[in-house]
Amino acid sequence: MDIYSLLIQLLNGVQYGLLLFLVASGLTLIFGIMGIINLAHGSFYMVGAYMAFTLASLTGNLFVAIVVGIVLSVLLGIVLEWALFSHLYKRDHLEQVLLSYGLILVFEELRSLIVGNDVHGVAVPAIFNWSIPLTATLSYPVYRLFMSAVCLALAGLLYVLIHRTRLGMMIRAGASNREMVSSLGLNINLVYRLVFALGVALAAFAGMIAAPVSSVYPGMGTQVLIICFVVVVIGGIGSIWGALFAALLIGLADTFGKVLIPEAAGVTVYLLMAAILLWRPEGLFKRVG
Amino acid sequence: MEAKRNVLRHVGAIAAVGFAAASLLLPVGDALAQQGKVKIGLMLPYTGTFAALGTAITNGFKLAVEENGGKVGGREIEYFTVDDESDPAKAPDNANKLIKRDQVDVLVGTVHSGVALAMSKVARDNNTLLIIPNAGADDITGPLCAANVFRTSFSNSQMGIAMGKVMAEQKKKTAVTLTWKYAAGDESVGGFKESFEAGGGKVVKELSLPFPQVEFQSYLTEIAALKPDVVYVFFAGGGAVKFVKDYAAAGLNKTIPLVGAGFLTDGTLEAQGEAAQGLLTTLHYGDGLNNPKNNAFRAAYMKAFKSEPDVYAVQGYDAAQLLIVGMNAVKGDMGKRAELVAAMGAAKLDSPRGSLALNKGHNPIHDIYLRKVEGKENKVIGVAVKNLTDPPRGCKL
Amino acid sequence: MNRKRIALGAALVALALFPLAGATFYTELVTKVMILAIFALSLDLLVGYTGLVSFGHAAFYGIGAYALGLLAPKYEAANLWLTLPAAVLAAGIAALAVGVFVVRVKGIYFIMVTLAFAQMFYFIFHDTKIGRGSDGISMNFKPVAAIGSVTPFDLGNATHVYYFVLVLLLAVFAFLRVILRSPFGRALMGIRSNEHRMRSLGYPVYWYKLASFAVAGALAGLAGYLSALQFGFVNPELLSWHQSGNVLLMLILGGIGSLYGAVVGAFAFVALAEIFQALTRYWQLLLGATIILLVIFLPGGLASVAARFRRTLTGEEDHE
């Protein structure tokens, strides 16, 4: 592999990793702050992608679709937390796993019912629908660069939110001791509801911007969820930095694995996970707060 | 918990007894094989990435039956339909439902090779007549061939063999292949490699990704790095649409020719648009085939379904034609299995694709055309291989 | 106690006589359920009695099935008495290997890593040359139960397979019963209720958990082998997390921490699935909604339901 191809594959890997981070950050945030394991997180990604597809078909504009989609997913998050997840804070993990598993089934079938099971493409918005020639043979689609930029920006915003705002302070405090924080007069329920909605919105947003690149298909939620679990396991549950680091690691491992060892492509990521777990059973970074 | 457990335990016992009772009341099946309707089981994908193909096959099949007066062998038809979702895991269950529960006389399907492999096993185990209108898994008419299993489509390696020969003749020296990692993809690419290397070329790298993923970016980068003379791919349906577009978006279509099995551009040109122009593919069907049967077929299909037929519709149409030939030979008496099968095996069909005969393993012997995408059509520009039969390796018929 | 015995006896008789009544389709269906019951029993050892919630148990089920798929020669029948132990052993060894990694962590981590490792095995069979891809492996011949020149039963006959599976189900049940009544089993239950206490009492908790994980995996492999035997077909979806989720669901339906519960749960799950499938194409919607309602509306969780009923039916033993 020559230097140019190496650099481009690096770019591919980082781009994939940043997208994974977006989804995984929601998962680890929800677990780290609220102690809830949510298997249906991948479904939010899928919901986002399908929303992008339907709304973009209706309005003809992907950006409008994304804005509307974000609003809808925040609402969805609030409703889900209020109706279902708020019951789970004091329950054991098995029940959380089962409830969210049931939720996955519900989401998948609802999608099947409402939109169908076909594979759909989402058009890349015209402004980004061109490619930059990088080498004599290969051009790089600008939309992918846009995606990476957006993911980086969001990662930055997340950092600012958690570490530099009052809300972030409350979130971190709530993570350490829920009762004490409540007794201080802060509305912990509201905080939890917002965090959950944030997590949902992050996953859905990732699905929306990824839609033109990955297509919209039934299995996409499950696929991304499993990889996110690996990201969170490697990075350490509850750690945002861990999620970023692990997501990039996995993005690169997957990208290079596919072309260097095509026979073992899907397994590379898990071997990596096994190796890391052998060394650090609870992931690379300790949890936030 | 204790009372709940008792209740559930009783439920389990009642369920068991219930099953027993239900099965006693189950009809034993139509013992009168001659009279009554012919039960045809259609097991095809009606949802998912191959949904359009399942519909086209069904349309073609029913069109042929309609043209035959709505009957086969003088008997009316009762259709049983199952959506197989192109899922090999559910295939044995789905096939069993049609064969054992609905007791169909003929099983028709399917698109996905993995599903068809499972179907053919169930059909062989139960000696049910099976006609495959698409799935090209080589083994089905090879080592796994059987008297009651027929195919009116193709075998996967045929397209690859044809294109490999053409590329070698065009003096291409190096190639890279890319496909989904399943029977159809592996065999298609395998066929290409076989004839391309026999003609003096070399496949420098064989890439694959899991079905039905469509994230191609890292593979496109690798192809650009390798700079082969030609890239041969196998994709179909939604995946084909995305790949051709991504290939163009990466600028590769200007420097490295892309070729593939015809499924890359069949039924997908509308969505692929500009990106597909000029692509060469091999298939046993194409646009602009000027024979009387094809012209009549296309007109009838357009009239009945208000859309252009594609190769999948042709395969479904031929599946019905094959059944009709067999049923006419035994005058509708499915009990005469040996004569039915013999008649079908010896059939020489007038297919919209040209002439169609079957080899020893009941796989099509037909011409493979070379086609080029021009506008919204796959124009036939020549014959890649005439009367290609794939040798039924390991078939004991 | 008497009522329980009578109910059990009736169920056993019904199971034993079932094939004589029904058509092949239904005999095969109940065979399928019994195989799932073995699978559920294996997980119960882990979840119900050791307190380790695994979301990746289907991996060992699948390994047992693939063992048969890979060992079966292409042009002749495999031998049951050779391949069955091989499959159970393969699954057990895999479980031991995975256990070394996962048993070190607890709670949520345990759930997540078991899921992740199951996915690893899934991809090994789905993507690499070992498993022959997403189409799976088709076996051309059913295994033969021959010992030398004697073939006591024909695995091509649905009724014979039914009774073979029934015998195995009873054997697994009895085996687990014995283990759980032994000091080893009591230790496992102690670990489930309070791991720290067991550790402070000097028990090598890690090894007990590892052993439980390995045995559970081996038994799951047995169930997987039988499933491959029944259909003659193996496929990576056997290792999917849907499968892992479904078997957990069986335990919830039947009652965690009860061997009878695992068996009843398997029947209940399939019955529910069949009923829902008959109602609508979108049956998983009903299944998912049922799961959600089950979790939410049992106040205080399923554990408190157990406590509540135990109070009202004093004298009844909680675990068999």
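Order as written gives the chain letters A, B and C; numbering starts at 1 within each chain.
The criterion applied here is as follows: contacts are C-beta pairs under 8 Å (C-beta built on N, C-alpha and C of every residue); 3 or more make two chains touch, one makes a residue touch a chain.
Treat the numbers as computed from the prediction; the structure is a model and nothing was measured.
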Pairwise touch network: line, ring, star, complete, or other: complete
Distance-maximising chain from subunit C - centres being C-alpha averages: B
Euclidean distance of C-alpha centroids - subunit B vs subunit C, Å: 36
Between subunit C and subunit A, distance of the C-alpha-averaged centres to the nearest whole Å: 32
Residues of subunit C engaged with two or more neighbouring chains: 126-127, 302
Junction residues of subunit B - those touching two or more other chains: 210
For subunit A, residues that touch 2 or more chains besides their own: 112, 265-266
Subunit A residues touching subunit C - in the complex, by the definition given at the top: 31, 37, 84, 87, 91-95, 97-99, 101-110, 112-113, 222, 226, 229-230, 232-233, 237, 263-267, 270-271, 273-274, 277-278, 281-282
Of subunit B, residues touching subunit A in the complex: 47-49, 51, 85, 206-210, 212-215, 217-222, 224-225, 227, 237-239, 241-242, 245, 249-252, 255-256, 271
Contacting residues of subunit B [partner subunit C, same complex]: 1-6, 8-13, 15-17, 19-24, 26, 28, 87-89, 91-92, 96, 100-101, 113-114, 117-118, 121, 125, 137, 143-144, 181-183, 186, 210-211
Subunit C residues touching subunit B - in the complex, by the definition given at the top: 3-4, 7-8, 10-11, 14-15, 17-18, 21-26, 28-30, 74, 126-127, 133-136, 138, 140, 231-233, 235-238, 240, 253-255, 258, 260-261, 263-265, 267-268, 271, 302, 305-310, 312-313, 316, 318
Partner subunit B, residues of subunit A touching it in the complex: 1-2, 4-5, 8-9, 12-13, 15-16, 112, 116-121, 131, 133, 135-141, 144, 213-215, 217-219, 223, 255-256, 258-259, 262, 265-266
